[in-house]
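Down below are the structures I want you to see.
Look for chain A in each of the two complexes below; its partner is chain B in the first and chain C in the second.
Right, the complex of A and B next:
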């Protein structure tokens, strides 16, 4: 080892940095180079595969979004905030956010600042592969010989910066290790069980930065160093006597990096490289079409397996149902375990909470639906009656009126229909009832079950009826209908409103006058209305006007599904009842007198479990309409 | 044949040999709730599709047991999966999955 140092030829650059190795090469860089080459080739092939499986239309959309300056700016912003700073996690769980951003943003800074340093002090090593540009900036401290007499201010700034960044990352790694032992301290009740490749990559990731600190510490008296590496070097010299122990630690550092890159494609850490691609796809407006290829593949590999969806999933009120969470769904999908994937896809309530809380934004409900489509879309049905019914619909040229579509479920809760009608009459609105005696389903249940073609038939029939009615507003009292009317129907010039939105508007316009009662109520956000359509404020505005509004322990986008969602196919009655109980207990956090909701399904589900009166949104408004 | 102005009704005797036990087992394995039905008829009474066409889960299940699987598939072919039957079922049967499973196994 002594010969390694003494036999080198020193090349002095103008800044006073000496290349200890004339060709800037040592065998220890090999593991890193192998790992890095492997991951680069893998990435290229993966990218081509994903792009190949996108439809031509989607590729065009993607290309357009990349050129469009508005989406391009959004891409940059999203990649910076989501991939590096992890703002979404910061907002909900600050300590967890710090941990993720320390590792991601810290590592990013380390690479960037490291490259700038090399660019400033030894620029020729960035110019081409022959000068080792692939590995040189990573192992810069090994290859240089800093003469203490030549230490400049500029050099010291970089020494300080690099050590500061390393410390930042190490604090994140420390938290990550602690999280493995006690996840609740960082705000997570459950964490995922890592797979074998996950473990290899995880332990490598834990080791990379401490090893970098050790390696740079051993070399600090030769290369120079900052506030961390210099003192470390003094300690090492005091214990080990000379500076020649450094080569094994550089080998270890390089091996860890190489192993990490080799394990990466088979582990959860693939999300680091896939997430930017997912952001580009999402901002381009692409949607999941095939369950395992193209866009879905980008979603699957972008899943960081962090397990935030474990705590989010309403099914996990029972521990046995942890396995149905999105994180395991995605894992089985990645391994192409068809049996498990089908089972899990059918269980899901499609409440969308995992999607709302996912820091990466993996739309697993959409993938689940695509999976259901593969085995349910071929089921034959006979919907010939729809055409006859839609054909007989009356053509009306009455303009500016409201068409009220109660939907199947509202007919099971006549109080909702009655209250909505009272509300409309009280505010003097002209309306027509679309499905008083009978009506065609909106198609959302079929869509959720993966029977897309069948759903298209109901959509077609209803579209004709609605367009022929000549209405200007389509009013619905069921959030399930609302979602599909908004997303899949092409209703030209017709505004689709949920009755909570209409009530808010009528009160604001002064058409409906309400008085405030003294009762304390809590509002349950239906999944399809809140997370599905983003309607949180309108119902709250109105409810604040009629009663004292209390808070639930989990509300808005964290609200717990009532359990009786039409999204699930195979979840059984017992599990649904348990979920309903947990939803009610969250609502009862501040001991309200009444529970209010705005979905016929939630209404029935919560009423079956709650010990306080449960009322529908329209019902409680009707109780408080000011008599004139 | 001489037209008497009336005819003999076709036999309403049930041919239980036509009941495919193996298929019904597959159905029960896929959705165990198939065995829970007590034929109360709540599902048929609340059915959205029944307002248009002859649709009944209760009769479909009886038909299956009586070996009339084509009738069963026909009775469910108009179903829109709206889920009202699930909500009203006093036995807590997962009717939507039951219907999907019947349509898959006994497809016409």
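Right, the complex of A and C next:
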């Protein structure tokens, strides 16, 4: 056994560890070193490119957020939870979460613990490039010989730890292989079709850890090993006899690592390195400005192509729509396939479910909107007539006054307007109806269509009317309006409320008294209200007070879009009807007597498909107002 | 031996076909789900284009089926094809073995409340063509006398969003007829018709249209976009006048929605049991849309009337008589050798 060790300078540490090679080098490390160097250079160039395309303002924001201790702590927490532990996936699909965290967190631990081990037992290999610090910790077990007579407790703990971590990763890899065959077992109905680079990287990733186990198993009698590698070594010796077999497995291990790093920038696995950057950007409060550059580029490369958005997308009740999913949109965008990108950008309900369920948090609806902006904004419209419209400033004394903006869609569903007015009167609120007779669109549909300039004009006109009215609360009955009023309008000192929020407040304040009926109802979360504005609890609080509230099979941030969203104009009626049907079937999971929603578009869509009565949120409250 | 023929649906098509078949010497059994025969005809006051009272037509149809066994308030609980006859179990407990079946299940009126923006069921002033006809029939008048009345054509017809891209064929003429009758009843009122195209294809229909124009009814080419309520409880109707390319706003006291034709629910239930196919519009598909509209894809199963798409009353009656001939031919070819 000693004959295998080249007899030059042996540095004997107190633990009896000896370097087997002069300069700690062997040719097999080359593939790894090439791959690693490539990816590091690629990463550096990519980072510079992305930072270069950020606007000056955004760069400053980023810098400030990095210094700010609060965001810095959030950054660390998010990177740890999202990139390593994958807590978002754990919450929804535990087995899938285990798989991801086993590979990511396991690999991370392997690197960290490996480096600590080298730091403790062969510290000179961690300082400077001369002693092979780039590769030495990775192939540590190859380069050393440990005198079994001098094995210490400290050393054994590391042997045990390293084998345990490897086993953890291997369990994840095993699940990943199983997922390729039967994804539904891990909670995924559809998975993405991998590209060529994806395949290369995928197979390399599958091989890396089994090969490491084999390689360390072969050398376990020289380097020492834990509960996995040592028994493996006995088995190998019993079968192969000669220990010289081990070099090819170390070569294979190094080649797989090298190939993985070479394929990485062209494959989905680039997300491993880009996701932390995306987290920094997001926590700094940056937004998508250009569809392919700067922040968007970070998002594009952070997409892990996991395909969770395939099951999330409400359009995918029909298999033919799979190709419009966010994962393929991002892939085509990454390949700069303009034609496909433009087509897919338009075919989207903008319901935001893919964003809500994305484990990385890629805001693809925002990127789609940015794409729409590039090709829809060239149409010139004349909105000059809007300046002639004067707001209704009747009375001057208007403290605690509500200004009600119904919006175009509520006007097409008169039952909502009627119920909202009844509700306001019943609670004795002083209100003014901003668009009873005529009004200007809130601008959100134009915004969604990418017609940002046109939207700005309507926003400007409405802002003037609202600010001049002197109201303190702007009440809307349409979540589409709500979102844009909250995000794009600068309304000084005016609180924007959805009628579900106001009703909740009125009941809590005792201004509105309701009684509970025996009816069992289910509530449909409109996309723009739930995922768009984060309002889930207020409507439920109120509904629990007026009826027995049942659950839908998918609700809150997983709620299925009704299909009649204003986000798309390229879906035809049949496609929309299919989506509405799937939304209704989710709502009917517990056989409620009635369906309630709080969006005029959802109301119409669900009414067209549901077998049970469909009511508007305000309508059902009005039915249950306590008579005095 | 008299062959049994089951006729499902006691509207004009079912009645006229039953009369013809019974004259040919068949044993006809007519099943009608409602209390009385006549279908939509029984609910109508006067008919276009000549404003003949519907009752007069209904009475002569009833005269023809004196020898027919009629079961009213009777549903077809189950029906299946045996060797070459149909076994039908009716809700009144009677089982019929029929050598041929004629489906004359007609149409249901489009549910006008589905067009939310017109406010049917929300505003009192909004009614449908059927509601107005009922008021005429019962001799009810609106009080106080309305000053302005609007008619909206194509409600639930030629409207993809409402799930029906097809034309319902009869609403244009009905709207013009009802507009004239309304104007006669309230001569001082302004009467408006909001239309997309006027499809006055039949004999004398165009005369009706001319009469309407002469009597001062205003025809506005454009769809109504939304209806709201004014402070004094009137209806504020927003529409587009596509001829002058301008948006339009008018206050009305009554708005009549010309609800279109949808396949009848009861008819579909029968079709479902026999796996009869429907076309995209939801109406049954015939063996051939030109040569044999009356034949279905099943042997001995026939159609008449609006169950294969919207039809006017004369069309329906022609179809009923030709279905009787088809059935006669089928029985002779298959049962009398």
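Rule of thumb we're sticking to: the second predicted complex is superposed on the first by the 610 of 628 C-alpha atoms of A that agree within 3 Å, B and C clash if a C-alpha of one lies under 4 Å from a C-alpha of the other, contacts with A are read in each partner's own complex, and residues count from 1 in each chain.
One rule holds in what follows: a residue touches a chain if its C-beta (ideal position, glycine included) is under 8 Å from a C-beta of that chain, and two chains touch if they have at least 3 such contacts.
Keep in mind that what you see is a predicted model, and the values were worked out from it rather than measured.
Superposition of the two structures on chain A leads chain B and chain C into a clash. When both complexes are overlaid on chain A, the residue A:436 reaches chain C alone and has no touch with chain B.
Once the two complexes are laid over each other on the shared chain, residue contacts for A:302 go to neither chain B nor chain C. Residue contacts after overlaying the shared chain place A:573 against chain B and chain C alike. By the document's definition of touching, of the two partners only chain B reaches A:383; chain C does not. Put simply, more of the residues of chain A are touched by B, taking chain B and chain C as the two choices. When the two complexes are overlaid on their common chain A, residue A:208 makes contact with neither chain B nor chain C.
By the document's definition of touching, neither partner reaches A:146: not chain B, not chain C.
Contacts of A:476 after superposition on the shared chain: neither chain B nor chain C is touched. By the touch criterion defined above, A:411 reaches both chain B and chain C. In the superposition on chain A, A:607 contacts chain C only, with no contact to chain B. Mapped onto the common chain A, chain B and chain C collide along 40-48, the only clashing stretch among 22-30, 40-48 or 76-84. Chain A residues in contact with chain B (one complex) as well as with chain C (other complex) are 411-412, 437, 573, 604.
Here chain A touches chain C in the complex through residues 411-415, 417-418, 436-437, 573, 577, 603-604, 607-608, going by the rule given at the top.
Note for the complex: chain A touches chain B at residues 346, 376, 379-383, 385-386, 389, 408-409, 411-412, 437-441, 443, 445-446, 449, 451, 454, 458, 564, 566, 569-574, 601, 604.
Across the complex, chain A is touched by residues 114, 116-117, 119, 122-123, 160-161, 163, 225-229, 236 of chain C. On the chain B side of its complex with chain A, the touching residues are 31, 33, 46, 48-49, 51-53, 74, 77-84, 86-88, 92-94, 96-97, 100, 103-104, 107-108.
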